[in-house]
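Note sheet for the following structure.
Every chain is named by a letter (A, B and C) in the order it is written, and numbering of its residues begins at 1.
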């Protein structure tokens, strides 16, 4: 517990370090911001274009789908803010930075997270909130005061689900002795949670609920705010799934560390 | 302080098959070879010792040091350092050690060393005036003050290395590991770092372990040497004993006042097992295999029998010794 | 010279084979992606017969083949160039007796062949077992598709060379390269056939090279257009290839001069 407190304590220090480094490369800041915004909006384009041809997608209206997408962006942005080690394999395993991490007195996953923290992803949260806000306005949704807390809880849970799955995938690098393409893997699977699961067949629905539970990042929790009571049980289970999957991720990671072979000789 | 017992580390190495067909088969099933990088290693170290781990490339030094620092998990055997088992109690253990990797930086590339020090201070929870005083001392003794506020990427290798050393010591560890700390540095910087380490060892009684290729590092710093070969410890003892065991002995060159043939010297020394050779008409060299017992006898006998104008004693350098060890070893390998 | 490039292609091919985790994860990704889009499109079509000029069956083939084509043309040579520039390796490449950009293209080609044979081949086979899938009925259809795919590879590689070359001037352009990747995925018709876009957007995209990267070959594969129209599209691809060559050569010249002046 004390360790956790320490991790949060030095969080600010790392954040400061990040901004100092960032100031050295101002141009890239803009590039990252624009590229993130474009990738966020492109999925919106997909939804909008598709709905110019059809009125409904399996009983879901355009604005509902947009709302789900907007919701999804918030935990996803939080996740990519704190789990920004896309180049884990390259940087920590192949170039051997993990050696250094392991000689420091803070949990190694926490250090890797802190070193690759990306505070600029906060703009992703904002984009998500704006998209959600727009859709909520169009749908005329009503909220209660406690919804804010439920929202925060669900968003954090969603980010932890991604974090857990990603941590487990990144830990594959500890076992393999060559380059592993974990970055494209995450880039590609991140998108499945954001459409209603009932458009998929049973097998994919099962995968998205129990194996790679990305449905708990987008559709299930968003369904609560859309007042779709069919999905309420799933929405309520979101924090449980988060704890389980983040726990699994951590276990796999810790196990992987004992198999770490070091770089070079 | 350090107790290592029957330490082993095995790696499974993928044996790639040759050619396109081989690569294709590798995709589905792979052949592995198990390699013992470290094989049955045992030794103990007392607090305040300064010792070196040497060996050829691939002898297992790096693997050993990585196990000692808790980076790698041993396949078998025990390590207890400062009362901790490194790979199990990693986070507590690493507070008591400092590590310098010659090839790898622990400083933030784009920021100044000072920023890195500040961050490391909070990582290691070093605070209060004592921590500041210690850092000031490090900065002063390593003479890094002039560039401690410049971005690391603009520093020369020598400057950076001194900052690395300071960074690894920020939490005043009791044990310092240095893995190839002087690779690529010029003589002056090497000397500065060595002097600093020696001073640290004397004033703080800090235990220092280094792996190196550079024999002059060992000569300047260490009394005790561990030699590894193919994962095994083949020597553990004092540097002087190492010289005794693997050295070519000592060569003494006598410059005579008169022309002296080598035979005359042979007669004088009698049955002494030593090698005598004529360098030129006035100079004769005598090679003594074991220096400690025979050298005084040779010197006194020759000096009292002949008129000697000059004597030069040439001890085998550690570098020669290391070369000897490797050569003997390859000889063995050749027979096997 | 010819031999050198053959060797480079072979080397990259072998390197790809060596990364086993990459290979398996790649197959999983492509399978999931195609599967997910297949069901998504099923839901979108609902009961409708035709959308954007494509039937459900054609759409299914389109999604599958679009991803398979991507397996062939996709590469990361822009990030590789960026890395070479940042680490100063590019200065060494310059003094070697070959053309750096051709080398990169050859490597990309080796990667493409690997993915085409080992990802797309088995992938298409597996998918054709699970979902209704229409192969081109005639040899001409296959031939047209393969020619068009070859151009798609060249154009996409050129786009990557172009973004990669910007690193010489910007030092860090990871953001730009990532943005390029998503823009190419959208505007090339990977996620949405171009015919789905509103008219004004189609007009705008007509002036951009991206649909030559995926939409053209995929459309040819589905058989939704006549052979005559297919040749027309291939002609467009050829024109685009020549057009993009111009800025590449200009930037390359500037980059080299810059390197000489600044010394890497």
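The working rule: a contact is a pair of C-beta atoms (placed from the backbone, for glycine too) under 8 Å apart; a residue touches a chain by one contact, two chains touch by 3 or more.
Quick caveat: nothing in here was measured; it's all calculated off a predicted structure.
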{"item": "Contact-richer chain pair (by C-beta pairs counted) among B-C and A-C", "value": "A-C"}
{"item": "Chain closest to the middle [Cα centroid of all protein chains]", "value": "A"}
{"item": "Length of the line joining the C-alpha centres of chain A and chain B, rounded to whole Å", "value": "47"}
{"item": "Mean-CA-position distance for chain C and chain B (Å)", "value": "53"}
{"item": "Inter-chain centre distance, chain A versus chain C - centres from mean C-alpha coordinates, in Å", "value": "27"}
{"item": "Residues within chain C bordering two or more other chains", "value": "18, 20"}
{"item": "Junction residues of chain A - those touching two or more other chains", "value": "25"}
{"item": "Touching residues (chain side chain A, partner chain C) in the complex", "value": "25, 27-28, 30-36, 38-39, 42, 45-46, 49-50, 52-54, 56-58, 172, 176, 178-182, 184-185, 188-189, 191-192, 195, 199-201, 204"}
{"item": "Partner chain B, residues of chain C touching it in the complex", "value": "10, 13-14, 17-18, 20, 23, 118"}
{"item": "Chain C residues within the chain A interface of the complex", "value": "18-22, 25-26, 28-29, 32-33, 35-36, 39-40, 42-46, 48, 51-52, 170-176, 178-179, 182-183, 185-186, 191-192, 196-198"}
{"item": "Of chain B, residues touching chain C in the complex", "value": "16, 20, 23-24, 26-27, 30"}
{"item": "Chain B partner contacts - residues on chain A that touch it in the complex", "value": "3, 6, 9-10, 13-14, 17, 20-21, 24-25, 96-100, 102-107, 177, 258-262, 264-265"}
